[in-house]
């Protein structure tokens, strides 16, 4: 492919309105805020699955956390009528992702599954994707991370360990998606069944607040969850068209 | 014009300028040594440390992933702006007062661009793969992302660097020839190489003039586009207080503004230390002062506009970001910027101020400090106040970053100091154009040396 | 001709060195430039020669196992020993146990086989040296490729003719892409198909 | 062009040659370094490199007893997930449970038996052998036994269940008079006592959150660390959005908002120690106005007389209108459920208060019904008699005996009393008086640091064991814990150590089992006997394999039991004594509310880097400790976040930074437990402060449990400031609509019908 073809193809994809709707899958996560308890089981699940480094107190003091999913907390009201709202925040896999346009080397792009891919070994570390991301879910390797032996025995061989100077983020557990597709192929199925594959965070969620699946399949659980009138997307007004759909928390006045 | 060149004799021009190339006092070497030392100590060493440790050596953190490196980048790109751009504009408008200063102004452009380019490498997480941003055929079949504003930036800066280099080089050819004819030894060979066999025939002059004007016309839009594109790195994002339509003109004005101030600084130094008092005169400072005044008003206007539209729009994120800029953690820097860039230049209303060299020097330095602050604030305030309040974080530059900032000045000075010994830093032939031609047979032909 | 222009005839008329050609300067430059140039060309040549004529490595193995005898002369299929290749991402090397499956009976008197038998008796693994290695960030499932009837030789070369296995050339991304394009692999050009 | 002479030619040849050599070497250097491929000499059955094997076992990170599946690749554990078949957690798992991998692969694990050489507490430890270690311990035990002084032996362990507990009791039988103490800081003594008093059953019942429509919790942080958090979260989620047409409502009463308080629809701050009054007030409303129609109505009316809404409002600080509303909702939204525990049970009136909560359940008719309190059958195996957990009072007695020289051998296992007992107990000093201390811990924690011998046990992922969860799920459940990886170090499983001691004591014939696995199998034959498989279908072996595969075994049982009658004297005894606090309110103006840290629990998780790097769910602080203050209090004292204050009680003081916490009562300060370790490895040591050290030795009179929420403290600013390491920035939404809420209309949606059991696909 010459670079002119490449250029043309990308430009067309970028400007074609329904481009993302023709994809093989449209992986989607729904997060029911009425169920979420803020327990952070998802955080550790993600950290264990995706070889997320232990950054240490010093780096955390500088604000250099690496956890791909985090719980944001927002207080409402004043004592005694005070409420704390939790919202899990992870890569939204936006269909119109601002991060994808800005990367000069296409280290981040949209793949045919509707996922916002991040190719670590293509990344040169401009960090512009993180600036462009309104959800602040891209994490940068500010330095080399070490696992004190034998903690490195735990590292998942299906996920690479990222070098310093590389941006990383939630992949919707691409290694699990890949494996589910592999199993589907072994069984002679063309598609992955709903619920056959779950990212680590969804799998672990004790309150079952997180649901994952293909929203193109009208029978899938996510498609049904998205039909809930409570469904909304965070920062919808930015037209990023995220693949993570939140379900509103039910207020205290509900009987 | 004549009044400003009263004391210059036609023959002195060559002598003075060539003298500046050939005669090198200990002061020069001391200055050069200091500059190189600063470059190594404050730039090279911290950078190597950062390469070894990772970008973590800088003070950036999770939401504020950009920091002073990019501020340095914009600052130096901005500083590059007045050189070539101003030179082109003044060339096309036939402003004679440009002729004494344009060479060093263009050199500033070149070296600022080089320093700015190096900042990109310092900024990258993995600079050893920086070549991936260039489109070149490779076995993996990969191309850069042509819709990325960063790639536009790479293209624009490289084009501008190429254009500026050719422009300054072309304008210097007759002067190289003059130097060639007056030097000996390695310099002679060097200038012989550089002068490309210039003989000074009418055809050559004619062609040079045409090409020069042609390039000047080309470079003006290029320069405007470069800083517009630099601004798009920010304006094409959706970060509050960054995605502003006014950013492109804002950056261009800011660039010319800081560049003009930079020229004032360099002019002063050249005048003082290269003994060009006769060539760089009150007239230049007067004119540059007027330019500064106009630019400062324009810049202030755009700044007020930014605040006004943000406030009028009343959107929460935008309002919060502006409020933060004005009254938040970085507010002292903001007001410092306003003082230096909007208030102080009003002094240029007075002709007496404009024609006083030392106050103008201080003003020009103040303006550039203010402009650097502006670039820093664009990054620091916007990135620390994005959409999700829970993710807000402060950014404070680390020692490595501050050191590299100082180091860039050292690098720039080093390059400039080398330049003044290789390039005639005042255009010999163009200055001569402003002088009355000597009569035939006059003694002025003889070299004073 | 404009009046001022004549003054630009710079140069000292009496100086015989005042050539206007750049050739003398080039001539002065030539010897060092030539040495430097030849030196750099030498580096390029050396690099090229190494990567072109010696792209592979032929590491010495703890036991001089010959693929030529097993896969070539005796026509044992690859998957007989590397049986995991059709089940797993990792092809794996056979265990000593598998070696002894045959060599309990076959050619038991040869010194190399005795050595293998010693490993087996000691329940010690044979520390084979890796010949083909992909970087950590690449996901290459042997299973999918074997099940798609891609011959092992496509990437590994004619192993059945080698006594000591040689990596003929490092596997490059371009090769993966070309092969995926040739076989019209679904999503074969997606980065996430191979990168992890 | 000139000619090239000989010297030039040689120069060029030289340059070219050197260049080519450099290029060649450069290219050679870039090639891959040597890597080895090491196959198994004889691969295990069904082994395939690169294909994951999942093993089911039991989580031991907290007492809830969740079932886990561990993903292993090439013999290394990679990931812990919940076992989908296990009824307690149903495939889900909390953060701490998932961090169990870091117990296994902790860099600070003890790698073999150790012997102290220098002074106790300071001296270096040197490696010894197992034979040596066990022989010495058994020799000393034998000596004491021979002298008839085996009552001078004490075994101190964390709470154990199942066959390990049975084995411990068997071993104790060999040492007449020896003491077996199980000590956990967070053991719910008061809850068990309250159940014993009210229901006559001193066990933990099953709280059916899933089917409840209205949950009123008094201090029980059921989503945070109380009893069985994962199961409660499952129930919470399903109660909230798992049924069409009915969304569960949750109300939390506590002085400082916990994770459950944040999840609840309503958080009600009540004065510390007065939660019991509130329960009584609501109970009175139920009897007086809620239409309680039971036969014992008059007895209740008499017992609750005086607890009018207004009187209770004055006692608790909760408005009378709120009390009436709560009572109305509690009676009107069936099935409803009242929970009590945590800090409510941690006062001097803890048992009274929890009895009052039980009374609420009884009066609302929630006992023995789905969506209410269901009783658990006794466990299918393990010790018949419920082992008594050591209360604070028991530990004091142990310390006192030690000081008097009446304890000669102490065996400590997995519990860390030096850290989890208040400084006032003087436990560390008491240990100094014990001549011989053996620790079976896997880590060098504070207590193990004082031991003479360390016989480090396997982690739970390397050992055999079994468990029946407590609280259960309303029917009989058991699970076998199997090793998922080969032991990393020269350690032994706890069961094997006990068997080894028994054998060395010469009790071989009473302990005929070769190892723990053998003992387990023998014990599970009994379980198998409840519903044997025909021999042709495989018999016990098939049963054993199937339980190992499934990771869980259970018997369907009836959950509903109907409401038991409550004796009149129990009703008469319902009443709550006023809470006592240590320290006068003039000198110590604040009540200290210590709570179990979400990630570190009572400090056991502090050596796990994932847990240290898990932001606290309420404050988002990483690493370190803090003290929470109401904004008004902070303003009054002129304190801001990060100001270091000395928290002083009559029994000690610790310096911690302030965190201004919007949801805490103005006269209460709260501190998380878990940090402040002196030892316990590189991730835990010298980090934060331990509020347990401040606690006054005040006990609940019935159980002797420590009244951990009854200490008063004062705050003394130190003038120092630190920057709290935390994740969160601005804690308000600023109207950006990030977390959106909706009103009553959208109670449930299509999602309601989608209550899901996770599907696990990755097969072995």
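By written order: A, B, C and D. Residues from 1 in each chain.
Everything below uses one rule, namely that a contact is a pair of C-beta atoms (placed from the backbone, for glycine too) under 8 Å apart; a residue touches a chain by one contact, two chains touch by 3 or more.
Note that the coordinates shown come from a computational prediction; the quantities given were computed from them, not determined experimentally.
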item: Which of A-B and A-D has more C-beta pairs touching across its chains; value: A-D
item: Chain with minimal offset from the mean of all protein Cα atoms; value: A
item: Chain at maximum distance from subunit D, centres defined as averaged CA atoms; value: B
item: Chain centre separation in whole Å, for subunit B relative to subunit A (CA means); value: 42
item: For subunit A paired with subunit D, centre-to-centre distance based on mean C-alpha positions, whole Å; value: 30
item: Whole-Å separation of chain centres (CA-atom averages), subunit C against subunit D; value: 53
item: Chain centre separation in whole Å, for subunit C relative to subunit A (CA means); value: 35
item: Contacts with 2+ other chains: residues of subunit B; value: 141, 387-391, 393
item: Residues of subunit C whose C-beta touches two or more other chains; value: none
item: Overlap residues in subunit A, where contacts from two or more other chains coincide; value: 65, 72-74, 109, 122, 235
item: Chain contact graph, described as a line, ring, star, complete graph or other shape; value: complete
item: Parts of subunit C lying in touch with subunit B, wherever the complex brings them together; value: 1, 3-12, 15, 17-22, 24-26, 28-29, 172-174, 177
item: Sites on subunit C touched by subunit D in the complex; value: 27, 30-31, 34-36, 38-51, 54, 57, 59, 84, 87-90, 92-97, 119-120, 123-130, 133, 170
item: Complex contacts: residues of subunit D adjacent to subunit A; value: 50, 73, 76-82, 89, 91-96, 98-99, 101-102, 104-107, 223-224, 229-230, 233-234, 236-238, 240-242, 247, 249, 257, 259-260, 262-263, 265-269, 488, 598-599, 609-615, 617-618, 620, 622-624, 630-632, 662-664, 666, 682, 687, 723, 725, 727-728, 731-733, 736, 738-747, 749-751, 754-756, 758-759, 761-763
item: Of subunit A, residues touching subunit D in the complex; value: 30, 32-35, 37-41, 43-45, 47-49, 54-55, 57, 60-61, 65, 67, 70-76, 78-80, 82-87, 148-151, 153-157, 176, 179-180, 183, 195-198, 200, 203-209, 211, 221, 224-225, 227-230, 232, 234-235, 246-255
item: Residue ranges of subunit B touching subunit D (in the complex, touch as defined); value: 316-317, 320, 387-393
